[in-house]
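The data blocks that follow each hold one structure.
You will see two complexes here that share subunit A, one where it goes with subunit B and one where it goes with subunit C.
And then the complex of A and B:
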């Protein structure tokens, strides 16, 4: 019998696929986070990255269209949430904020409300730009979304009316504990999973697999891509806002090339077709970075102390990315969703 | 005014060369090689480090090393990723780009390295009543000569014919007897030499070489090849040239608002892409699949 190509991504709702990742995130966050204060911060950053990678998975993973523009939505979310929550006193007195519009300086809202607003702003801007951008395909779409990131970076870097410009926005309130970002990440995970099993997720993957057959079956490619782009923009806005509340500051450089490519790499390394891939990729990249950091600082890991010269860490991280792609070009998970390890031999 | 026009043309020419290097590699294997930036950087580093040698000797060293690095990239990494799809190769090339930046940091240090390369080039001469820098004239001359040579190579030689054929349809080109491995290695070598030349041009203007030296120009050249029309080498070079000219003109005429030059450039790019998704040199309705 002719072998049917295994298309990556979920087809129908399955409890294991959803609750496996939920369990793993919760367990890993709590176990690692509560072991030391510095690891607690790492876990919180990892959760922000994970939400961002999920946002990329929704659009990039499902549609196969590369987007560098999500960094722009994260940047926007971070600025919105950071400016809305930073104390009025700081915004009116900080040296980096002398040009800030008075109406922005005088606003202060609750952290949770600001996260919601950041997500909405990200979604609306992605929705509007998506109307135009989604007419493009392939590399042109990639470069167009990159142009979007370029405009956002250039604007926020130089504009001191709507933010601190090239400087850091001080005094952004931090999350009180691990559970808030954890809960946000879990909510994002469930939403993305439900979206992926919905007709939007399925039609989107259909357009990725064959963009001639999909419209022949009545799928409006541009329409589903626009919807997915808006939704993933909202998630990216949330991720950026979360990041600002973990870092306690907003700086435009944090959401530019490094951020964009780090999160895209996480998605590709893990396997862009599934949320399980998004999780594995994030975990892998963060833990390799963290282990190397601890080696660099001369700390013992599992009782083993390996001395690493300064600067070697960055080389190892980048090398890991390249080697991971050489080893498994479709990602560590091959784009499959979570399943219990099956030790029995598969019968093809 | 004369200086502004010369600046625009020389910047355009520089970006055209960078775009041509990127376009050659893209044409043969659908790879957007971000690590092209590090080829430009290594050339600039070598020119700075070997500044005591005669210029021509140090340039030859730079060109050879850069071409070797480009071929090494292909042999060690890209060859194994062939056929995995553009997105994965792009991410891999970005990883390679970061990897090389960190290696440069380890070798040359994070702080910029500088040397006065060809100091006579920063002198000024009178042209049509206005004084212009020698380096801008030299850049224009170099880029025109290189583009002519590249044009001859691509239009008139067998290698060029193979490269063009492969850019249009790689599979068919292979069926017709083009040796793919050799051709791709050659494309990488040529793109390495082009990167070395770009490195030379930019290092004369700005001798402060740091690990991320080539990133900016590569990104802009990349934008150039997409708006020019990625399917054709002529389109790539033209697009790169346009990006350079537009950026230079924006910098000259925006006055105090020149910090927003990139925003205007990128907005223009967005508009061009929306009107002509396949680039300026394409027909209106061509679109890439996926």
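And then the complex of A and C:
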């Protein structure tokens, strides 16, 4: 324990806070994922969303600066990993890929390397755009990051040299089991936790609490935000890449508004201040969303059949977000990390 | 060479000028008080010194280094720390985390642990509340935390804006006793206060400000003369 605490500036490390979520995510993934093939796919998607929510937690949760732009890094990660792993034969022959640059069409790397490259590209692009974006606060930051998402979307949607444009990229190899996405999600979780309890996480939270007092302590707000933005961009790139290998395809629309608002909702509903909040938000939205989807499709749940109109799921999630914000603006977990419930009676 | 030297400083907010030719200096291990009624420019003076506001003209030098144009985070590293009005502690973070944030502005990181231990020695109450949320501390404890956090950066000079604000007389006495111990360790202290009597008896020299200018400089001896102090504070018409 002391050794961990001696790592640069880490002081708040707690095994319970870290291993509680690890245990829950592993148990939930295995119990649900191994019960049926369709549920395994749901769990794989949930793990991608969780990594994306963790990416948002690193930056949005810790700094308090709203970002709609992380979908751009996920989009980039998906395209990088998808294009790097799709078979050369498919890229050279697919009707949607006739304009693809030959240098991209002729390259193929293995899945693991492509995931790493996707994360690096996401991080580098976030680092570069962060140089300009991290000077902004509040509404201006939200709008500017939204513009970044718009630029990325229009670039991939209209450009057929770097992808299939508005079409789907076929032939992206899928994860063959639950193990790889689960392992990636756990690695992301550990990294984010260590970052949160390090001096970077602490400094970032201080800038969220009071961005006037922070410089008086020698904190360079722009610099620390840039670092966090780049790291969260790398995680978003990884999340996008994972998503493409669960879906088996890359389509630019999958990473646009729906993806952005869904993942932000997960973070806000759970509690943006902690990784426990990120996990609870993801679990809540995915599980409730899954039940509502089954109702929309007219499927019976525990022998009970309730038909819901199409779109009910999206409306419910939006309503839950509003209720969560009204009831507890800091999320279901109140932004706190995992802890065992204390049943001891308080003595007077 | 003085530790901090402010020369003919003009400053304000946009077109609104607040300070008009303020000059003073402070030597190492000394204390300086700046008093005056509300709105005379005391906080503006501190904000200008720490780089939060760009002055119109004049000069500010710390240990002979010109600090004009430098950002607050750079000025902290040169050895000048501000404990702002209202303390501005990070209420959502623990006491320990607040203290560790003070290390950001510290040049010599190898002695960080020693610095943390030292401030806990000066402010023992912080040890017993180490894991508590800073926002849950009492006003006096928060003030002690804010001073301790600034001290961890190992400043050559500590600036305090209204340290007595919202504190009971007993707690104020504790805080000023702790400031005495800080000065005895060689750190210079500048205290800005509305309550003149708190500072005039404490500081080696006290500047009295009115209308953005320094109107009088008094020593603890001068301050014993109530009438003289009253005239200096409110002007000779009162």
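What to note about this one:
By our rule, the second predicted complex is superposed on the first by the 312 of 348 C-alpha atoms of A that agree within 3 Å, B and C clash if a C-alpha of one lies under 4 Å from a C-alpha of the other, contacts with A are read in each partner's own complex, and residues count from 1 in each chain.
Basically, a contact is a pair of C-beta atoms (placed from the backbone, for glycine too) under 8 Å apart; a residue touches a chain by one contact, two chains touch by 3 or more.
Only a predicted model underlies this, so the values are computations on that prediction, with no experimental measurement involved.
After superposition onto subunit A, the partners subunit B and subunit C occupy separate space and fit alongside each other.
Applying the stated contact rule after C-alpha superposition, one finds that A:137 touches subunit B and leaves subunit C untouched. In the superposition on chain A, A:217 makes contact with subunit C only, not with subunit B. Which of subunit B and subunit C touches more residues of subunit A: that partner is B. Angle at the C-alpha centre of subunit A formed with the centres of subunit B and subunit C, after superposition on chain A: 80°, rounded to the nearest 10. Using the contact criterion defined above for the overlaid structures, shared-chain residue A:325 touches subunit B, although it does not reach subunit C.
In the superposed model, A:265 lies in contact with subunit B only, and not with subunit C.
By the touch criterion stated above, A:202 is placed in contact with subunit C alone, subunit B being left untouched.
Of the two partner chains, subunit B is the only one touched by A:151; subunit C is not.
Here's the short version: in the overlay, subunit B gets within 10 Å of subunit C at its closest Cα pair. The interface of subunit A with subunit B overlaps its interface with subunit C at residues 212.
The part of subunit B that touches subunit A in the complex is made up of residues 32, 77, 80-81, 84, 86-88, 90-92, 94-96, 98-99, 102-103, 105-106, 215, 219, 222-223, 226-227, 230, 259-260, 262-263, 265-267, 269-270, 273-274, 277-279, 287-290. Those residues of subunit A that touch subunit C in the complex are listed here as 9, 11-12, 199, 202-203, 205-206, 209-210, 212-220, 273.
For subunit C in complex with subunit A, the touching residues are 50, 52, 71-73, 76-77, 81-82, 84, 88-94, 96-97, 100-106, 149-150, 153.
By the touch criterion given at the top, residues 60, 64-66, 132-133, 135-140, 142-144, 146-148, 150-151, 154-155, 158, 208, 211-212, 257, 261, 264-265, 268, 272, 311-312, 314-315, 317-319, 321-322, 325-326, 329-330 of subunit A touch subunit B in their complex.
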